[in-house]
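In what follows, chain A forms one complex with chain B and a second complex with chain C.
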Partner chain A sequence: MTHGSGARRTVSVEGISRVEGEGSLLVEVRDGVVEEVALTIFEPPRYFEAMLRGRRASEAPDITARICGICPVAYQMSACGAVEDACGVTVDRRIGELRRLLYCGEWIQSHALHVYLLHAPDFLGCQDAVELATLDRAAVERGLAIKKTGNRIMEVVGGRAIHPVNVRVGGFYRAPSRDEVAALAEPLRRALDSALATVEWVAGFEFPDVEGEYRFVSLRSPGRYPIESGRVVSSDGIDTTASGFADLSVEEHVARSTALHARIEGRLDYLTGPLARYALNANELPEVARQAAAAARLGPVCLNPFKSIIVRAVELVFACHEALRLVEAYEPPDLPAVAVPARAGSGAGATEAPRGLLFHRYELDGDGLITSARIVPPTSQNQIIIESDLRRVVQGALDLSDEELTWRCEQAVRNFDPCISCATHFLDVTVVRS
Partner chain B sequence: MASDQRVVVVGMGSEYRRDDGVGLAVADRVAQAVDGVSAVGPLSDPLDLLGLWDGADLAVVVDAVQSGAAPGTVQLIELDITSGRGAAGDPSGTTSTHGIGVAGVFRLARAVGSAPKRVVVVGIEGQDFSQGTGLSPAVDRAVEHAARHVAELIGEGR
Partner chain C sequence: MTVDLRPTLAVWKFASCDGCQLSILDCEDELLALAGAVHIASFTEMSRARVEGPYDLSLVEGSITTAEDAQRIREVRESSRRLITIGACATAGGIQALRNFAQGGEYARAIYAHPEYISSLSTSTPISAHVQVDLELNGCPIDRRQLLEVIVAELVGRRPVIPGHTVCQQCKVRGTVCLLVAKGIPCLGPVTRAGCGALCPAIDRGCFGCFGPSEGANPRALAQQLLDGGMTPADASRLFATFYSGNPVFGDQAQTLARSGKAGGSGDASEVAGAEEPT
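Now for the complex of A and B:
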């Protein structure tokens, strides 16, 4: 929708909507200079942190999983990590590997969804995935088939494809049998081939020539690309535990938004997610993913946020390859879960949700009840960067028509695969020029 | 009763947003009442319908709605197989990050040849979407009523 007359122009897009959320993006341009970029969120803050107080620590994975329908495993894993940290428990290696396999399933689901159905249409001039399917049905079918493989992992390890129910503090309720896990190998081989085709496909898109300046933050786990565990590191020298990072990270309430904005204390914004993981851990990718990245001319660090779709596709290759490795090496744990006796204390858990670092910090009493909880989703952490990136993108694209500029803004927001249902929701874009 | 038709009953929404949990409550009630039907949900993203409903003869998607009707009002909307649109218009926010609606997902499924033969959306007017669990009384009373409608729909095809 375009309004305006003379020198002042307003461009607004509506229709970025969903039942539970309300928010908007406002961009103000005056005399050719971007003055204001504001991500405004009206959605009431989520009360999950309050809801957890007084609940048993063992309930945390199931309750927090309901924050997001896209990345419930991320919430479950960070919740388990925080409770186990507080109780001083480390899980069996085989339980840890099973968690990693489940988490690969979520990465595969989420990245396939974002690359094919949400982000690719932006690059191909399609209004949505439906239009893309009419132009290139094979591509959409490939994306859906990859996603389905992620669903199968979730079913086998997590008990069901959406909102898995098999996860508990200390491990799982039931470990899948060797045969059940082995049946995942063939679909994963096909998904790996499709993921490689995905990298080739997206590398051929046209990308705006934009580079951001980012302070990257991700997990790092020696010898492996980080997913379910690791220390929190940054491109400017932070190297700490999940608990240490929870101390460093502060959240601010911004008047216009009901989502909190996270910063590192004493510093400015930071970016989590595929670009950060890749920049800080590319050397840990398996050869097949490194080769795909090289063929896509990605380089060791990617600073063009529009190329996050390539990084996501490379991570899709990694996740399929890693899941296949875990499937082939699978040995059921002796017991599906280790005991986690209650004790008073605090603990933090940090894992890599598909769209970035997710950390939980809980205080528990001696009866195993949660006395306080803090949950920091990736989109809260990336929100400041989304705004500063938009400022840069708009400034470099003022020659575009209102319609094209609005398109570019939405595309720039989608670069970050924001999970508005975690951080809240996102609704419309307004560009004011005067 | 022919039982060879494949029926999927999905509850959309979140049981942590009070009346938004009515979709799953109805789906569960249908699964108890009708042999051979299992409830799926709660789904918070309609895109998850892809794969779940592939090849179904009938997919029933139950969700809370806010249309201004009295709380507990039950509405059945059959999506048009040719256009993918429902009688209530096209609710798909197709440019959202996660916000593609049921009709949008239906159109996408049609484009890739995996759509169910028939999709019926059952909307139950909600009253309280605040944080917390439990349905408000009028919505709770509508669960049985909505479940009966769904059972009848399933019965028609058998």
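Now for the complex of A and C:
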């Protein structure tokens, strides 16, 4: 919607679409200078941290999965990690590998959803993937097929694609059979080919010329691209455990948002997600993903937030390749889960949700009940960067018409694949020019 | 210009996790065909395009937890010829209905430094508590095959085939050996609505009730059996009070068990996970 004329202009949109959740965006431009950027999250709060109090620690994976239907495995894995940390338990290697396979399924499903259905339409001037299909049906069908393969992994390993039922603290209820897992290999080979085609496809899009200044934070895990475990590292030298990072991180409550803003203590904002993971871990990508990144001229660090779609596509190649590797090496664990004896204490778990670092911290009593919980999703951590990015994007695009500028702002928000349902714990766009 | 005669579909979100509307996008094989058969007129998670109502069919996800949403659902109802709720949140208040049992303001104070910034109701209520609902689809999350069945039934104007029987009966159809009887694993299958495909018992996990109560469920009898099997009242109460505490069939049973637990001492367990269930 556009109103106003001459030097004073107001642009507003009632809801940024193609993100998960509800909120709004206000951009104020005065005399050609962006003065105010405010991301308002009005997704109603659901109080998960309060609901967890007095619940069994064993219930945490199922309860916290309900924070987000797009990345339930991320919640389940961080919850399991936090409880196991509190109880001093480490799962054995085969259970860990099965968790990584399940998590690859979620990465494939979520990245294919974002790249093809939520983000690509912006680059091609389409309202949505349905319109995109009228221009390039084969592309949309390719994306849907990749997504389906991710969901298939989640069904085989997790028992269900949305809110998997097979995850428990300590491991799984039942380890899938060799045959069930082996049946994933063929669809994964096709998905890997399609993921490579995806990198080529998105690398051909036109990208606004903008670069951010980011402090990157992600997990790092020696010898492997981080997903389900690792230490928390940053581009400016942080190297700590999940628990150590939870100590460093502070959250602020601002009036306009039902999502808390997370920063590193000392008011340092940071970026988590594909750009951060890639910048800090590109050397750990398998050869096939590195070659795809090189062919897409990505470089070792990507600072253009719009090119996050290329990084996501490269991660899609990685996730398909990694899932295939895990499928081919699969041996069922001797027991599907290790026992987790209750003990009083606190523990933290951090994993890489498709959209960024997700950490949980719980305090448990000696009966295995949760006495307090803290959950910090990626979008809470990225919120401040989304605003500063928007300021930069708008400042560099003031020559666009109101309609085009509004769309550009929406696209800039979607660069982060924000999950507002998670963070509220997002979107009207209003641009005011005077 | 040709006139678009396809029925219009709108998808709405209230307090929820997005998982049930994701079920639509998870119909990978059917999505483009669906988008051909109906005009997806308003679906914020999928599209920038938004066509003004009225709409032939509205799918509503999420529960009502704010005064603004209580008003918005009335507007959605007024603009919809048929309104179907999808999922546990829209149908029963969802997991966030656990706040209905908490002291006022306790939840907001537990999380937010400035609870005064938050305008949220003290309850999470289903859509049917606010407006007339034409059909309710259960599940946390809904089953996408059931969703397709409902949409297809709406399109051709017939009643959808959605069973009201139990997970327990689905287990018999699948040939899953009864966990409750054979292994003593606590299971809500005898009182939980079918629709998931009896997924959990097939992986040696007791049903945890994510499709809500079945028609004619007798939770009291099952609660007694759980207690007889050695479960503490507090743990049995938690089992009934997860995704469908906002439905009185499960919610009242959970409350009754919680009260008896307080009277009879609190439960304890020596393990977070692993001991009570065979692996």
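Note that the second predicted complex is superposed on the first by the 422 of 434 C-alpha atoms of A that agree within 3 Å, B and C clash if a C-alpha of one lies under 4 Å from a C-alpha of the other, contacts with A are read in each partner's own complex, and residues count from 1 in each chain.
Throughout what follows, a residue touches a chain if its C-beta (ideal position, glycine included) is under 8 Å from a C-beta of that chain, and two chains touch if they have at least 3 such contacts.
This structure is a prediction, so every number in the text was calculated from the model and none was measured.
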item	value
Superposed partners chain B and chain C on chain A - clash or fit	clash
Partner chain in contact with A:229 - chain B first, chain C second, else both or neither	neither
A:418 touches, of chain B and chain C: first, second, both or neither?	first
Partner chain in contact with A:140 - chain B first, chain C second, else both or neither	both
First, second, both or neither for A:381, with chain B first and chain C second	neither
Which of chain B and chain C A:308 touches, first, second, both or neither	neither
Chain B versus chain C as contact partner of A:170, first or second or both or neither	second
Common interface residues of chain A - those touching chain B in one complex and chain C in the other	15, 17-21, 44, 46-47, 51, 63, 66, 68-70, 113, 117, 127-130, 133, 137, 140-141, 144, 147-148, 151, 161-163, 410, 419, 421, 425
Partner chain B, residues of chain A touching it in the complex	13, 15-21, 44, 46-48, 51, 63, 66, 68-70, 113, 117-118, 127-130, 133-134, 137, 140-141, 144, 147-148, 151, 161-163, 410, 413-414, 417-421, 425-426
Interfacial residue positions of chain C with respect to chain A in the complex	13-23, 25-26, 28-29, 31-32, 35, 40, 44-50, 65-66, 69, 94-96, 98-99, 102, 106-108, 110-114, 117-118, 120, 124, 140-141, 196, 199-200, 203-205, 208, 210, 235, 238, 242-243, 266-275, 277, 279
Complex contacts: residues of chain A adjacent to chain C	14-15, 17-22, 43-47, 49-51, 53, 55-59, 62-63, 66-70, 72, 83, 87, 113, 117, 121, 127-131, 133, 137, 140-141, 144-145, 147-148, 151, 159-163, 165-166, 168-170, 172-174, 252-255, 258, 260, 335-342, 364, 367-368, 407, 410, 419, 421, 425
Of chain B, residues touching chain A in the complex	14-17, 20, 40-45, 47-48, 50-52, 92-100, 104, 107-108, 111-112, 114, 129, 131-132
